[in-house]
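Next up is a structure, given as structure tokens.
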Amino acid sequence: MINKVVANADEAIADITNGKTLMLGGFGLCGIPENCISALVKKEVKELTCISNNAGVDDFGLGLLLHKRQIKKMIASYVGENGEFERQLLSGELEVELIPQGTLATRCLAAGYGMPAIFTPAGVGTEVAEGKETRNFNGKDYLMEYAFDADFAIVKAWKGDTAGNLVFRSTSRNFNPVMAMAGKITIAEVEELVEVGTLDPDHIHTPGVYVHRIFQGKNYEKRIEQLTVRKVD
Amino acid sequence: MINKVVANADEAIADITNGKTLMLGGFGLCGIPENCISALVKKEVKELTCISNNAGVDDFGLGLLLHKRQIKKMIASYVGENGEFERQLLSGELEVELIPQGTLATRCLAAGYGMPAIFTPAGVGTEVAEGKETRNFNGKDYLMEYAFDADFAIVKAWKGDTAGNLVFRSTSRNFNPVMAMAGKITIAEVEELVEVGTLDPDHIHTPGVYVHRIFQGKNYEKRIEQLTVRKVD
Amino acid sequence: MLDKNGIAKRIAKEIKDGYYVNLGIGIPTLVANYIPEGINVVLQSENGLLGMGPFPFEGEEDPDLINAGKQTITTLPGSAIFDSAMSFGMIRSQKIDLTILGAMEVSENGDIANWKIPGKMVKGMGGAMDLVASAKNIIVAMQHVNKAGESKLLPACTLPLTGIKCIKKIVTELGVFDVLPEGGFKLLERAPGVTVDEIRKATAGKLYADDDVPEMVG
Amino acid sequence: MLDKNGIAKRIAKEIKDGYYVNLGIGIPTLVANYIPEGINVVLQSENGLLGMGPFPFEGEEDPDLINAGKQTITTLPGSAIFDSAMSFGMIRSQKIDLTILGAMEVSENGDIANWKIPGKMVKGMGGAMDLVASAKNIIVAMQHVNKAGESKLLPACTLPLTGIKCIKKIVTELGVFDVLPEGGFKLLERAPGVTVDEIRKATAGKLYADDDVPEMVG
């Protein structure tokens, strides 16, 4: 097997320079690559274009990069939970492209599966359709949307082996596997890095061929955005 | 959960009538729905269009349906191992459409993912491209290929639960999950039918929403097409 | 007149045995509380889960297990987890039988606006555009008029659209409405104590109401 | 002159550390036997496996575990299994570094024909069209001439094409050839004991050969 292990987040992101386009996995704060985000903050790399379903909260997730003005453009589907985001957007410091969540996911899939474009009905007849090719199949209109072209994909998995095979846990899977397939270079941080042969080949979510660098992360905070519980009767 | 269990193969295929289009999972003889094929032979349903990567061998797999002249048209990528197939093809009894294997898989995916068409470079400049729209993206030509439209998908899984969730074993996975997603009605036969809650939600290959009927198969033969072994030193 | 729970309760009656259902944020989320006994329904959450269960007991919350509203939830026996591409794949291929979501405006031809108010901070459409463009059956749960007292059932939407010609049914605090294929809102049921005239007054779009529109049964 | 194993052995030298490789049926399969020690290579089988291992020991064969040639095989520590859509997805997105396959004909502009002979039973293209259309680096392993003694390195293919302008390198029993971007076969190495003249005679397409083309090193 091919060994993809790097020492830590700093090494994994060492060649991410100003102006690059990054995909970052996660949904809300669930399944985000916490270690790599911290390393990007530390590296002070700037003018990033970030493709991510959300933009974190003020003091966590992508909010940390926003706070340091490291993001030039955000491509996301929902950015509701972030005051600093709103401030930068309204002041014109931050470019934002909002796209439907399914379109976001499928444009990742398209990149990972070598399909230059896909057709989706999402956004037909809305401002999302402006400037896009609309095409009718079987009586229904679809927009043609292009595969993403990202320099780096940064994902967070539960377990991974030294060959880069990844397994995700529960709904922290979300965008991570499709983004892992879509990056020109894919960096995976994992809660537990294991030897090859440990993971069941039938239950690998992302085959190692899609992963270029892997490291065991540390100090995962895994913050909960909306704590909702039942009382025990 | 929604219970998808039917008693057996006969019940599962009861409404498959003459002239229907079926997708059948498997690669060679690996992971084919043996029980449903036998039930289709017994039911003597005719003029079927079968979408399957291969066409079985003379006395097993889809070869059993061919032997009884139940297949009108075969859509496949490779049909090499079947003398009866060759006879019917050369005599004009059987229509055959050969398509690239990746195109076959991706047209299933398109159906399951609600994408009316996909773009693939496979077949550009060859007779496969005849009559198809060719389109250039980023300097490379692609063919536009349509999503399959199959009345039934028949797949074979290793384990499944009563809600229709499926888990496949080793390379018997192959086309099964993508076809499971692609049928208007999807029938799954499994080696072991288990109660809901038995399968790990993180390791379900095909969510039950894609499966309409499930039953525990019996007497799996699992014939090996090319037995290749090493001698123990 | 119905309260939010009343709207949710009425919508729950639209859910049939064997349905896969996607519930949006807000009133739609409450629908889960009123699914009739004996009905087997599977809730999809578009962040990648089929078989959404109730909130976890205190102390049992799992940061890796949330719904599309980012709330901590639980799974159920038979749940399945998948990635975002498959989640919207099954939405686009219409494997989800019913989608219930909120709206700012619905037009009499079934257009919906629910994601953007010009001049205000835009949070994004999330999965709403995918859901309304794909679902075969969409019910809107909303207040009949906005905070300024203006009707939300309109001849045409004034806000940026989320999707076109997609809404089949609307439940508000005043009643239950079909969106007719030829255009217009057809009043099916009045909320308890609400008259057709009151509903007509609150509805800017074309309203069709028979003389004997029944009052909703509790 | 090389035998089949010689061709496979020579091609194996093209494999670099860290490569993901897809091996076609026939001579390409033999390449696996000659991968240099100390080189980490992962073999992809397009029916849905990364990390193809050797044949199983007698009695340990598993009918659920085969390669694209339908042969019983084994996995290795670090193997991953996936479905056919992902398998060709990773092929199309060029995650596979090298594809090695057989051919009936290759043209001097890199076209390949390897799936169909008019008038004969056509078995199908399998995954070959996907592989040749997508792979960034394709090496053909084949005999230099066909059974009728005709060159398989041609100005233009005469058989139905599998793919166009895709072959980068050819290894035959006579030598190693680059397919030049501007067209033509560039002789890189002669097989042991084979002269440039002999190669020229067996090559119908345009052949470029320097005066001092080296003999292959064993």
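By written order: A, B, C and D. Residues from 1 in each chain.
FYI, a contact is a pair of C-beta atoms (placed from the backbone, for glycine too) under 8 Å apart; a residue touches a chain by one contact, two chains touch by 3 or more.
Remember, it's a predicted structure, so these values are computed and weren't measured experimentally.
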Partner chains that chain B and chain C have in common: A
A-D compared against B-D, more contacting pairs: B-D
Per Cα centroids, the chain farthest from chain B: C
Where chain A and chain D are represented by their mean Cα positions, the distance between them in whole Å: 36
Chain centre separation (chain C, chain D; CA means) in Å: 56
Inter-centroid spacing, chain D versus chain B (mean Cα positions, whole Å): 28
Whole-Å gap separating chain A and chain B, where each centre is the average of the chain's CA atoms: 33
Residues of chain C touching at least two other chains: 49, 75, 81-82, 85, 88-89, 91-92, 134
Where chain B touches two or more other chains, by residue: 106, 109, 113-115, 120-121, 168-170, 173, 201-202
Pairwise touch network: line, ring, star, complete, or other: other
Pairs of chains satisfying the touch condition: A-B, A-C, A-D, B-C, B-D
Touch list for chain A against partner chain D, complex: 1-3, 111-115, 161-163, 165, 181, 195-197, 201-202, 204, 207-210
Chain A contact footprint on chain B (complex, rising order): 106, 109, 113-121, 137-138, 140, 142, 146, 167-170, 173, 201-203
Chain A residues within the chain C interface of the complex: 27-31, 53, 76-81, 86, 89-90, 98-106, 108-109, 120-128, 158, 168-178, 205, 222-232
Chain D to chain B touching residues, read off their complex: 45-49, 54-73, 75, 81-85, 87-89, 91-92, 111, 121-130, 133-134, 160-165
Residue ranges of chain C touching chain B (in the complex, touch as defined): 18, 20, 40-42, 44, 49-51, 75-82, 85-86, 88-96, 134
